[in-house]
Amino acid sequence: QRQRDTMLTQPLIPITKQQLLSNVDIIANMRYAFRSEFNEGAYTGSRFNMEQFRLEFRGKVLDKLYFRFRDRYTRDPTTQTVDNLSRSTDLAYLRFDPDEHWKIYAGKLCADWGGFEFDANPIEIYEYSDIVEYADNFLSGAGVGYVTNNKQEFTFQLLNSRTATFGELYDSVPGLRPSKFPFAAVGNWRGELFDGKVSTIWSYSIFKEAHNTYMNYIALGTQLKLKNFQLQYDFKWSDEQLDRKTIVSDIIKPLGIQAATDAKYISHWMRADVRVAPIVNLFFVGMVDFANWDDNPDPSVDSRLRTAWGYMPGVEVFPFKKYNLKIYGIMVGRKYVYSDYAKNTLGASNTDNYRISVGIISPILVL
Amino acid sequence: QRQRDTMLTQPLIPITKQQLLSNVDIIANMRYAFRSEFNEGAYTGSRFNMEQFRLEFRGKVLDKLYFRFRDRYTRDPTTQTVDNLSRSTDLAYLRFDPDEHWKIYAGKLCADWGGFEFDANPIEIYEYSDIVEYADNFLSGAGVGYVTNNKQEFTFQLLNSRTATFGELYDSVPGLRPSKFPFAAVGNWRGELFDGKVSTIWSYSIFKEAHNTYMNYIALGTQLKLKNFQLQYDFKWSDEQLDRKTIVSDIIKPLGIQAATDAKYISHWMRADVRVAPIVNLFFVGMVDFANWDDNPDPSVDSRLRTAWGYMPGVEVFPFKKYNLKIYGIMVGRKYVYSDYAKNTLGASNTDNYRISVGIISPILVL
Amino acid sequence: QRQRDTMLTQPLIPITKQQLLSNVDIIANMRYAFRSEFNEGAYTGSRFNMEQFRLEFRGKVLDKLYFRFRDRYTRDPTTQTVDNLSRSTDLAYLRFDPDEHWKIYAGKLCADWGGFEFDANPIEIYEYSDIVEYADNFLSGAGVGYVTNNKQEFTFQLLNSRTATFGELYDSVPGLRPSKFPFAAVGNWRGELFDGKVSTIWSYSIFKEAHNTYMNYIALGTQLKLKNFQLQYDFKWSDEQLDRKTIVSDIIKPLGIQAATDAKYISHWMRADVRVAPIVNLFFVGMVDFANWDDNPDPSVDSRLRTAWGYMPGVEVFPFKKYNLKIYGIMVGRKYVYSDYAKNTLGASNTDNYRISVGIISPILVL
């Protein structure tokens, strides 16, 4: 019953625990709300909802050596075929910083895509834009980062392009064969300009989805930060030779096509925050996502199939000076508008709904 | 790969960890036994069994701010539709105590129903009475509590009435339509009388199960505590316009009814403990549950369908002075007696079985 | 919402936490790799893979009282019928050491089978031999150990023989009926000879698989340890009246037999380590597993159905002096050779594949 480490290796040295302790965090990332839902203006129902619950262990295990692990309790923990790890596990990686400029890490990672929406802690994002919502954001791989003396950071990652196999995701697609190494390569620039007033998280990624079949993704996030005002704008653009987000595929299902080719997604997202008082933040998030299909056999049809609007006015209150807990109230509105072609030929229909939520956000620091 | 908190918020301040530590517990609530099972007096089999295993994190995260999280490893972790949290997660909530009288809390909670059986740590209850066993005890919601100067405590909670949707639980029921906000409201009194010799946990709850369809639940737990003797008695009564416990529905299934209306459950439970020596506790638990159906189309039939008896004599030994670990031996007997109508018309048949268990109980304090 | 411990018991005494802390470990046992796979010499694909991820809590909860809990994130957490615990949970037990010679423990355990392959931390074993891979290694039960003054250790365990029921595993087998107490009894000797230069982990186990139907298992592990050289050799032999490993049953499925009787498995495993430099370890693992069927109705047929070869040359580098992290490169080769009978009559065909992995191993000490 012991299962010891192999004898020839160094024994596991318990670096003084007290010292370790100040470097380790256990965090319960939680967003909890009472929400009331409305569809086409009519009240449909209310309920308490655990919108996010992700338990996290992170810290320094040795000088220059860090780890991070995060697991969700709001998603079924199914073991994934490609990377062998539970789908509920967001993060499980080790990071080594050889000096103050370089970092190297490997494991299940958050892909380092650009944009401030994606970069935020998930508990801060009340509703994701379609282009992030439908992406596989946590992938196994490895990365390297470099920070310049003037705080510009450059990252490069090589990742599995997904956690499920080609067959599991797409079944079989005529004319396509699976890739032997379906990878994603991500390059990212995190910039600080004008004394930190402007920051950027810009990225370019290429995914190999199948043999000779790629997806190109650009995400450009830019932030302006003044004393009591902050503005974030993300532009995201994804050109998918094989439809990875599956939004287009779902819409054109009536045509008898299993997986769409040449889908294109474009997204604009912005968030404005005004700190009207030390404990009160007003904000507004606006977003629009376009879903296009460039491979329609009928050339007379416009490629845009759907436009998805999102609008979220809200208020956040910080009742504790010394603790990062927020009480919030928000309206989350979503409007999906389909093209005439999608409506008339494919039977799609517009939807317009919103919810009003009152709740708590806290990355509860357990330890 | 960072997923930072939004910049305008206060940074997560690491209150000196050493101080935190003394306020945080990690607990593995475990009951483990070797059990031998008997049916109608005949030995049917033996096995080692992890009767309970619930991992818990709890503590103070800030002055007056507490959290609690508890998750089971003995139940499949399926994400629930209504509150979005795993079915294996019992508790995930934050509590704020503005002063020594008031407390406010929100998240996935243990419903504050009365009765000493329900209020005990699950590792202490060798077998639950039917009325508790078939209830949904962990629900998302919010609550407020008030403690008077003389230690009477009053609680009020508002909760989702369940974790699954109406459709998932009942499919469709003729004449009923789902409620837009299926809630449960719970009022509770925890009393201390005669210098703590007598305590009470009394509660009344109302559940909205469907449109215009309610469940009323009363649980009255009373405890007498003397020097080496303790007696607890719970009376529980649940009047269900739509059968939530599903015991009646299961019995009348041969009538072709999907979900019974007008079910009524009544339960008596008592536990007596005698501390015969500092390290030895003798106890006996007796319980009886009645399942009634008041909506039988045949008025000549008695409403009582089933009487469920339980009897559990046992001994608990505390081998460690400084640690809350028990070794126990118990006989858990269960006898289900059906009415003549249930037997003759519905094909039910009586059962009589028991098990003998020897095991360990401990809320193992990991940290 | 409190769920307190029963009042008559001792309160949970928080032994000074600072003291506890130095006795408790939280460990993330991780092996992560980039692997490239080859089949019959042809490249078939590459991917990042979390080969092992097991989170562990262990430590001393009181003088002489220990616990250990370990759970996998690479296996679906399905609750098991027999012991009621998640299949993903490897270990959940309490251990009590009355004095320096004796230890007693109970819970879900690692069966104390012999052999150095099985005894190692799973993150150290790049690929298991068939006889270990197909066994149920984590079982609920209880055990007792005795260490002599000259460091010989003897263990005896009594366990459930499996976590699933007879019906779930074998459906029904003609002529066999389930056992009322399907147990496993394990005896183990861990020896230290010649000043620790030679060690042994030898065991004998008997499993009751069904009424009057047994499995006998012998595992003899022997290790020679010199200054910079270590050699381990395991001999394992399993005689199964009802085929538990299911390898034989799978091969003879074309005969229309659901579960084979009289299967026999024999395994040889060796690992040689040479520490060529303080931070570099070269190693080679070789193994061969034989799968025999002694109950073939045709007596002219040789009982050996399959021979499974494994060969793993590799290198391990220890970049940190003070931390047990390894970077490794390994080739894992597997060759399955079937008998003429298996090929010609049962349609089996030989396979020959290997993978090349580069990765990290670490029992990450979180706390």
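As written, the chain order gives the labels A, B and C, with residue 1 at the start of each chain.
Simple rule for what comes next: a residue touches a chain if its C-beta (ideal position, glycine included) is under 8 Å from a C-beta of that chain, and two chains touch if they have at least 3 such contacts.
Keep in mind that this is a model prediction, so the values were computed, not measured.
Colleague: Which word fits the touch map of the chains here: line, ring, star, complete or other?
Modeller: Chain contacts: complete, every pair touches.
Colleague: Could you report, rounded to a multiple of 5°, the rotation needed to superpose subunit A's C-alpha atoms on subunit C?
Modeller: For the C-alpha superposition of subunit A onto subunit C, the angle is 120 degrees.
Colleague: How far is the middle of subunit B from the middle of subunit C, if each middle is the mean of its Cα atoms, in Å?
Modeller: 37
Colleague: By residue number and range, which residues of subunit B touch two or more other chains?
Modeller: Residues 18, 21, 77, 367 of subunit B each touch two or more of the other chains.
Colleague: Please name which positions on subunit A make contact with subunit C in the complex.
Modeller: Against subunit C, the touching part of subunit A is residues 1-15, 17-18, 20-21, 24, 57, 59, 61-62, 65, 67, 69, 71, 77-79, 82-86, 89, 92-94, 106-108, 140-142, 159-160, 180-182, 367.
Colleague: Note which residues of subunit B are touching subunit C in the complex, please.
Modeller: These residues of subunit B touch subunit C: 18, 21-22, 25-26, 28, 30, 32, 34, 43-51, 53, 55, 73-77, 105, 109-112, 119-122, 124, 143, 155, 157, 223, 225, 230, 273, 275, 281, 316, 318, 320-326, 360, 362-367.
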